[in-house]
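After this come two complexes, each holding chain A, first together with chain B and then together with chain C.
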Partner chain A sequence: MTLPAALSCKREERSFRVAPPFVEMPEAIPYNNRVRPGPFATTTPSTSQPVSVERLSHEPFGRQYLINAQALSDGQTLYGAFNCSGCHANGGGGMGPPLLDNKWFYGAEPEQVYVSILEGRPNGMPSYRGRIPDYQMWELVGYVLSLSGQASPNAAAGRSEHMTTALPPNSTPREKPEVVPQPTTGPATGKTATQPTTTSQPRQNGQ
Partner chain B sequence: MYRFSKFRAWVGGALGIFLPLLNSTSLSAAEPAGDDGQWTMATKDYGNVRFSGLDQINTQNAKSLKLSWTFSTGVFRGQEAAPLVVGNTMYVVTPFPNYLYALDLNKPGTVKWKYDPKAEAAAKGEACCDWVNRGAAYAEGRIFYNTLDANTVAVDAASGKEIWKTKIGDINKGETITMAPMTVKGKVYVGISGGEFGVRGRLTCVSAADGKILWRAYSCGPDKDCLIGPRFHPFYDSDKGTDLGVKTWPPGHWKIGGGTIWGFLSYDPETNLLFYGMGNPGSWNPDLRPGDNKWSCGCFARDADTGEAVWYYQWSPHDEFDHDGINECMLLELKVDGPDKPARKVLVHPGRTGYMYVLDRATGQVLSADPFTRITASKGVDLKSGRSITNEEKRPRIGKVIRDVQPASPGAKDWQPSAYSPRTGLLYVPHQNLTCDYEAVEANYIAGTPYLGVNERMYAGPGGYRGKFMAWDPVARKEVWGIKENFPVWSGTVVTAGDVAFYGTMDRHFKCVNAKTGEVLWDFETDSGIIGQPVTFKGPDGKQYVAVLAGVGGWAGAIVAGQLDPRDPSAALGFVNAVKDLPDHTKPGDKLYVFALP
Partner chain C sequence: MNSPESVLDPAGPQSRQIGGLTWLFIWTCVIVFFMVMGTLVGALAHRRKDQAMGPSREPITHPDPIRERRLWTTVWASIVLTVGTLFTLLFADLLSGRAIHKVSQSPDPLRIQIIAHQWWWEVHYIDWPARFGERSASNGITTANEIHIPVDPAHPVTVEFELDSHDVIHSFWVPNLHGKRDIIPGHPTSLWLQADRPGTYWGECGEFCGYQHAQMRLVVVAEPAEKFQSWLDGQRQSAPEPTGEMQARGRDVFLHASCAMCHSIQGTDAHASVGPDLTHVASRKILAAGAVPNMPGHLAGWIMDPQRIKPGTRMPQNNLSAGDLRALLEYIETLK
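Showing the complex of A and B:
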């Protein structure tokens, strides 16, 4: 009888709200390209130092939204309310690229996704600057990343609010994000560039 | 409109029976001289008939068709355009970035020049259904076409130099253009896309000489904006009254009311009238816009000079399922009143709603509206009131999932244009067999973002096949034959005096069929799936050629062109669920194929 009580003491620590950010832009946005021109980079002022992705993965701010159930749930509602679903569907994409898979044109770090929403991107992503309160933009970041399994399964939504479409975020296989070039006018690369086959096997995502 | 005076006597007389004996020599005599050698507008002719008098390729020799030459455009997105042929030059418009190529037919496959309109890249994110373009129009030494970023350009056909460029719409509001313009008597008529973005639809008339905008006719709003005045005499009472484009909407909603124009236009030189259809009303979710939502999802007849509306008919008042009314309006003369009565000038519209509408071209009266597919979305068309009969069981409501709605949102037939042969008296209709589950959800209007309010997933209708190429007798009002295809038949078609019809499939087959029997005579495997418009023309060597662009995409092929994720059934507005296996059959493509007899 004491066992459950003892175990419950070892529960993980959770915050129910993420403190709203007090600056609009995060301090350090990961670069989409790791290659930096040298040697002057070492002498640039510390505020504009390139920050490696590794270091940012220890940055707590953006990641807080990936482990907070309330933020992820709000993000899901906002994803519909701000018409993200119109272009990206429930993660499978349409007018915009899919969000379920491991392919990211502009980076999958929370700060990079934040910048995509804030500033827009040149091939059609509109800028939401001034249209969405900042904390809600971060909640959207969390939900968008949960679509490819980047959020904690304990915190991610277990069901859709609507007609069943893609798997709920807490059951989506965790993808390993990679930055890929955006196909523009040349032959598309990746999944669909393979030779046509006659099998009807389901495609392996990310191949 | 199709002026084959010698045909009138018998065109309508077919009554669903194959015409066994035809004197083909008398037909070529009736042919307007010179026209069939070229293909000067996407629709071939003003009436959207897409019949060619060329008869070198016929039912006997079609099996020997050979690839003559190819050309690679370098743009690997959905190729929906019809190549144009003017004199000894072929003109090809690509999807975004909307290059225009001039190819020398004397030295097949060589580029005379290439024009780049430098369209804005951001337009790609505002286009609902891939970055397609449906072709150009030629008149008086100029090529006119539209770019995805909502500009119309005039290009010198000889040199490839830009003559003018006119901004028609604003991509910041989700306004793009995919349609092929039509040009008549020094005017260029241009629509607008963006029915998924709450764009206020309108037809823009541009001067061919200098690109100045002469008038705009809106699809919703006050009568003066819609150019509705004393000449407007709709046939049905529900279309009569003032400012219906305002009154049939919740207050102010007409400002984001849709009714976009992205299909083909028709023109009747005898009456100087333009005919065209309007797209879905703003927000797919019908609960957000009680009322008939005029003038969306209907058809206008307008004076080609002034734009004044003459009549209007609404295919689907208060559209519930994104059943855009933009499909082609074919201008024909048919013996619909009986074999002994004179042929009537009609407008035939294979509707997205699944009905084959035959309208009196002068008045807009519906003479018949027969289902050409399985329909659960509605219960027919009441010919007395002209109204589509709602199926209450399938009426979308917020928060409720409605199952098995057929036709699904792309309709029984989408933009892909049909053809009509006066020789067989049959319509050739490429279309699809898709049903869907449909859930209305809340939608917010934010300029430049989708205004939808629907979750949808589509799947194959009964029978399991997803597409069909059908021959339909518009006088007997029934299907004569049909070829079932695995995927939606998203390509256009052309039928010729050789009694053959051409169409392509999304799983990479370009087919030539016997127009009388539907027998497949020839089948060529292309690099990529076909969603383009086949054309036929006479080359400088006097031979008949058939050309088509192959490159899968569009709404139906978005899964391949946009590399979408099939794990989400609602991807591409629900189309992905119906074509999950398409990437196993085709990759993106960019190639023009030209065929001829050896």
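Showing the complex of A and C:
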């Protein structure tokens, strides 16, 4: 009885400050997406040499946020504050594709999601480059991935801030992300025949 | 003029009623306390009569009608006194409630909507008596954490607060002006009050609402009608255009960094409402619901690292370069 109690005290340390890395962001993250190579919407053309996504994972920050509860919950707050929910709802998708499911247009590697947010995506995803500090971008990456169970369940939120029929991030089953082709016309909803797109419908994945 | 934040220092008719009631309860309790203590001391001091011995040195056991009567008189008197006191207090309470209700009636109130957030107060002036200027669709005022109300002995102005919350339960409490009013999300409620003495009255959230509950304060500035009028006129303006290169750069930083996604400044493209409206932030006395006074150093510290000043607050840290920060501060200082 006391042993688990004592052990449960040893959670990761929580602090309200996820030290923001004071690192200048590269002018343009080189785009070399193994999933979907090609042009994307950006106003600042890249001048640097293309590098692989693998290199990006060695950037000084990034994955640490996927295992940090404070970062994920900050990501959740920012997701609402920066109005991601305006287009993606609480993950179920709206004008933007759902983020709760395991279907991705541009890949579910943290670096790929990062690039989605940083540079935007051609069918209506705005670029947040220069708008929000880099560490907040990674917090968002962490939260977005936690929606489909890709973040550490020990760190993911046990409840969301809104009413939703989806499971809370820390009990969402982890499924293998798959990349789906993106529709060429109409709003990019990531909808396939079996795919619910609104939060008002129960999730089908893993149920 | 600063008044102590206290129920016993009323500054309006509502709080005066509540203050009177408080004193009535306090004095009643004091009297009851001394009566109980007096009885106790008396009982300790007097030897119990029924232990008295008769001439035969046998305890007197036969019924004593005088003693019996006295006993019952005492019992009944205590019951009547207790019930009477309770009813008196109840009636005093009801009468104060009615009196508060009566002084609160006004056909032409100053209407202020307050939305409580974790952990700050969003304030909208939605309507005011016509003598303070025409209220049109476009000249409402949005501010935060600081509320100005007029004091006008000739024509007292009643203030109607419409209270709501979008996250958790809060409670609106300015002790010098009125009692608490709990704000339950989704159940808008209202509170009427009046100030009849100019002053700066602190208020706060009176219902635990999370980590920074203690730093969810607000300030009510009750001022003479002319001063209120000029404040109101000032707040109705949009933000001034930046003058000079530095201020223009500051505005650019504001609009292109994350600030504009959470804050609004009337007269610019920033129209978000996650955080307080900053159109006149430089005119306020406090920052972040009383966490720090509004001074340039605190402002800089707040913008770069709010989590150090008010851990857990909903505003994230910012990484701005020194030049950008200086420009931003210079611009924000113009938002009087």
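By our rule, the second predicted complex is superposed on the first by the 121 of 207 C-alpha atoms of A that agree within 3 Å, B and C clash if a C-alpha of one lies under 4 Å from a C-alpha of the other, contacts with A are read in each partner's own complex, and residues count from 1 in each chain.
Note that a contact is a pair of C-beta atoms (placed from the backbone, for glycine too) under 8 Å apart; a residue touches a chain by one contact, two chains touch by 3 or more.
Only a predicted model underlies this, so the values are computations on that prediction, with no experimental measurement involved.
By the touch criterion stated above, A:Pro98 is placed in contact with chain B alone, chain C being left untouched.
In the superposed model, A:Met125 lies in contact with chain B only, and not with chain C.
By the touch criterion defined above, A:Leu78 reaches chain C but does not reach chain B. Once the two complexes are overlaid on the shared chain, A:Leu167 sits against chain B while remaining clear of chain C. Counting the residues of chain A that each partner touches, chain B and chain C differ, and the larger count belongs to B.
Shared-chain residue A:Glu111: touches no atom of chain B or chain C. When the two complexes are overlaid on their common chain A, residue A:Glu175 makes contact with neither chain B nor chain C. Comparing the two complexes, residues 80-83, 131 of chain A contact chain B in one case and chain C in the other.
Taken together, the chain A residues at the contact with chain B in this complex read 80-83, 85-87, 89-98, 100-101, 103, 122-126, 131, 162-163, 165-167, 183-188, 190-203, 205. By the touch criterion given at the top, residues 74-77, 97, 121-129, 196, 401, 437, 439, 441-444, 446, 448-452, 455, 457, 508, 558, 560-573, 576, 580-581, 583-588, 590 of chain B touch chain A in their complex. Interface of chain A with chain C (complex): residues 16-17, 20, 22, 74, 77-78, 80-83, 130-136.
Chain C contributes residues 256-258, 261-262, 272, 274, 305, 307-308, 311-312, 314, 316-319 to its touches with chain A in the complex.
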